[in-house]
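One structure is given below, encoded as C-alpha cells.
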Amino acid sequence: MNNPQLNKNGELQHLLSTEGLPADILRAILDKATTFVDFSDGFEIRNAPLLKGKSVFNVFFENSTRTRTTFEIAAKRLSADVVNLNIGSSSTSKGETLLDTVDNLCAMHADMFVVRHSQSGAAHIIARHVAPEIHVINAGDGRHAHPTQALLDMFTVRHYKKEFHNLRVAIVGDVLHSRVARSQIHALTTLGVPEVRVIAPKTLLPTMVENLGVRVFHDMNEGLKDVDVVMMLRLQNERMQGAALPSAQEYFKYYGLTEEKLAHARPDAIVMHPGPMNRGIEIDSSVADGKHSVILPQVTFGIAVRMAVMSMLAGAKA
Amino acid sequence: MNNPQLNKNGELQHLLSTEGLPADILRAILDKATTFVDFSDGFEIRNAPLLKGKSVFNVFFENSTRTRTTFEIAAKRLSADVVNLNIGSSSTSKGETLLDTVDNLCAMHADMFVVRHSQSGAAHIIARHVAPEIHVINAGDGRHAHPTQALLDMFTVRHYKKEFHNLRVAIVGDVLHSRVARSQIHALTTLGVPEVRVIAPKTLLPTMVENLGVRVFHDMNEGLKDVDVVMMLRLQNERMQGAALPSAQEYFKYYGLTEEKLAHARPDAIVMHPGPMNRGIEIDSSVADGKHSVILPQVTFGIAVRMAVMSMLAGAKA
Amino acid sequence: MNNPQLNKNGELQHLLSTEGLPADILRAILDKATTFVDFSDGFEIRNAPLLKGKSVFNVFFENSTRTRTTFEIAAKRLSADVVNLNIGSSSTSKGETLLDTVDNLCAMHADMFVVRHSQSGAAHIIARHVAPEIHVINAGDGRHAHPTQALLDMFTVRHYKKEFHNLRVAIVGDVLHSRVARSQIHALTTLGVPEVRVIAPKTLLPTMVENLGVRVFHDMNEGLKDVDVVMMLRLQNERMQGAALPSAQEYFKYYGLTEEKLAHARPDAIVMHPGPMNRGIEIDSSVADGKHSVILPQVTFGIAVRMAVMSMLAGAKA
C-alpha cells in the first residue's frame, strides 16, 4: 500500500492523478458528487457546510482563471475559507524554492492545497512533502495530469450512459500535449470501458500511445464509427504557430468535429469538451450547441465533483 | 413590454442602462437604497442578509479596481458569495467567445453577473443570452452606459436637493467619451429635471448631443450660471495625448472647475465627480475639498445604491 | 501624548512602527497573540469572531502576495470581511492622489487598512488623515518599518527564550535597505535586550547605525560569538546587480549563515529569517532546515500576532 494518493486506511489522502486510483475510489468520488447535485431541478448544486473553518489555498503557479474559479466556488459552497495565490508573479520569482513556499503556507495553517503548476509532478512533490493532515489536489501539472477534469468527465459519462462496461469512447485532438487526455484514458480504462480510442494526426500523439491501452486512429470518420462518447480536446493556440500543424483551417478540415463527421458515431452519442473551446478549429458551432453536446452540464458537474473530492479529503483520518 | 431590463411583471430583471428605465423604477431603486443608509450617524451603511447563498460574479473584461471593489463590498454586505474574475488576461485571450465564457459561468451557477466591458452593448448581449433566473448589472460598457454611477448620482442629488422638478443641472467635461454622462442625462430627464446642460469644448461633445434633451454651452461661466448641481466628468489622460485637447493647463484654464467659475452657480450648488479625480486638470483642489463638494458622500451612497439594485434583482420573480 | 499610534486613552490606535511604541504596548500585543495559539497541539491557531461585520482593506501599493496572504488569513480567522486591492495597477496610475484613494475607501466604510507602500512614511500619512474610527496597520513602507514582522519576531524570541533582559541578539545582512531590521532593533531595545548586534559589510550598513543602540560587527565569527538569537535578513536580488556587493558566492562566503559560523553562537541559539529565503546566499540549507531554525514557527506566530494587532485596534475606543 504505497499509493501516495491513499492513506493507511485506504482513504483518499490526495488527488494527484487518475493513474493508480482504484476503481472503487473513482466510483466513491462519483457517488459522493451525486449528493451535491439536485437532478430534479436542472442540475442545481446543493451547498453543504462540510469544510466550515477549513482553509483552502488555491496555489496557482500557472494562471488559469477558469479552473481557479471552479475550485473557489466548490470550496465556498462547502463553507471553506478560500485564499487565492497567484504565485507566478510572487515569491518564487524572488528566488524562494517551491517547497519553501509550501512550508510557509502550511505554517499559516492551510488545510488543503489546490495546485496548478507548469511542471509535471509538482503536485506529487508537494503531497510527499506536507504533513499528514494536509491534503493536495492537483489542478493540472504540465502535460501530466488533470484528475478533477477527468473525474467530471466520468461523472458526465455515467450520468448520460449509466454504465462504463459497454461503451466505445473516442478522445480527439492534441493528445500529445494534453494532461486531460492522459487522465481521461486512465480513468476510462480503470472504470472498465472496453474500447478507448484516440484520434489525432501522428504529430499530436505521444510515441507508443498504444501502451496506454487505446486504439489509435488518424481518420475521424473511422475513429468515430459507432462510438458512444466523443471527448474533444482543446487545441492550444501556441501549437498552431509551431511546426506540428499546418493551419487552423487544415486542422478543422481533418479533425474538427462537424455534424457530418459526428454522423458516424452512434445516434445517441454525447459530445464533450473541457473548455475553453476554439469554435471553428476543433469543433463546429453547430455541434458545440447541438443536441449531442453535454459541454455545459460538464461544467456544472465539475463543481459537484470538486466538492466531492474536497469533502472526501477533509473526511480522511490523518 | 419589450424592455430588456424588466420582466413580465414589470420588475427590474437586469440593470443595463438608465435609458429606457421608467421613472417609477428609478425612484424605487433610490427608495430602496435609502433603507441601506443610516442617516443619523454620518451615512452609516446597514448590512442585510438578502443575498445569502447567492453567487455574484464580478466579471471584468476591463480592469477597474475601484468599481469592482464597490460591487464586491455591496454584495458582501448583502451576505452574497462573491467571485472576482479578471477576464482580460484569461479565457477570452484563449480564443473563447464572450458567450461561451458566460455560459460556463452560468453552468457554475452564478445568480448575478456584474459586467464591465470595453465594448458598448456587451452587458445587453449577455442579458439577452442568460436564463431568466440570472441577473445582469452593467458596470460600464464602452462609451455607452454606467447606470449604477448615474443612479448613485441621482441618489446624491435627491438627498441634497429633495426634488428633481425644479433643478438646473450642468454636466461638465468630456461628454463625448463618457458613459457616465450618457447615463446621467437619461436619468435626469426621466426624473423630471427641467434643464440639463452640458458644458464642453466642441471636440469633446458628441454630434447632435442636443437630441438628448440638453442645452449646450462652450463657456463655463455661462453654463454654470444659476445651476443647482454641477456634475464634473473625469478627463481621461489618454485624451490629452490625442489631438482633441491642447494641454492639461489649457483645459484647466477653460474647463477646470475653480471657485471663481463656481461662483456663477447658485450659492447652495453641489459639486459632484465620479472619481478618480485629476486635481488641477478638471477640478481645483479648493473646490474638490470645499463646502460645495459632495464627492465623498457619492461614494458612500454608491454602496447603498448597488445594494439596492442587487437586492431588487434578487427579489424579481423569474 | 502626541504618539500617532496611541489614542487619548493610551490604547493602540494604529500600528505604524515599533519605534515609539511603549514596552507595555509591545508586551500587550505579544500577550494577546498568545491567546490565539494553542500550544498544546503544535501551534494550532484559534479562530475568534472579534471582527465580525468589520471590513478590512488590504491596500497594497506594492505587490507582496506573501504578506497580503498573512493579513488576509488573520482577518478571515477573526471573521472580518476582507477586500484585497492591488493599487499598483489601479487608480493611482490614473492620476488619483494617495489621499483621494484613501478617502474613497473610507467612504466605502473601511474599518481597517492594511497598507504596503514603497514610500517610507505612507502609512503615517494615511493614519494622520483618516477619521478616528478607522485604524491603519503598516505592512511595510519603503526602507522605514515593518512592525508586524518585528512583533512576530519578538513573539518568537519570547516563546523560545522566555525573557529579553538576558539576551544577545545578532541581526545579520543587508541592514541598510531593510525595514525589518529597523523595526527589530527598536522592538528589541524597547523590550530590554541588553545587547543587539548588527553584522554586515560596511556597504550594507546605514551611516551612524550605532546611534540606534547596536554594536557593529563586520566579521560573522566575532559577531555571532555567544549570541542567543540570530536574525537573518533577506538579501534583495536587486542589490547584487548593483555595486554594493561583489557576487552571491562572495557574499555567502563571508556573510552566509553556515553550521560552521553558527557554532560560534550559544549551543541553544535560535535562527530566524523573515522569508522568502535565498538558500545558498544568505543562509545554508543545513541551517535553514536544522535544529536551531525556528523559521516556520515564525510564520505561524505571524498569523497570531496579526490577529492580536487587528483585534486590539478594533477594540480601541474611538
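Letters A, B and C mark the chains as written, and numbering starts fresh at 1 in each.
Operating definition for what follows: contacts are C-beta pairs under 8 Å (C-beta built on N, C-alpha and C of every residue); 3 or more make two chains touch, one makes a residue touch a chain.
Keep in mind that what you see is a predicted model, and the values were worked out from it rather than measured.
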Between subunit A and its twin subunit B, rotation from the CA superposition, multiple of 5 degrees:
120
Same or different for subunit B and subunit C, where same means more than half of the interface numbers show up on both copies?
different
Distance from subunit C to subunit B - Cα centre to Cα centre, in angstrom:
41
Where does subunit B touch two or more other chains at once, residue-wise?
none
Within their complex, state which residues of subunit B touch subunit A.
53, 55, 81, 83, 85-87, 89-91, 94-97, 100-101, 103-109
As the complex stands, subunit A meets subunit B at residues 44-45, 47, 63-66, 69-70, 72-73, 76-77, 237, 275-279, 281, 296-300, 302-303
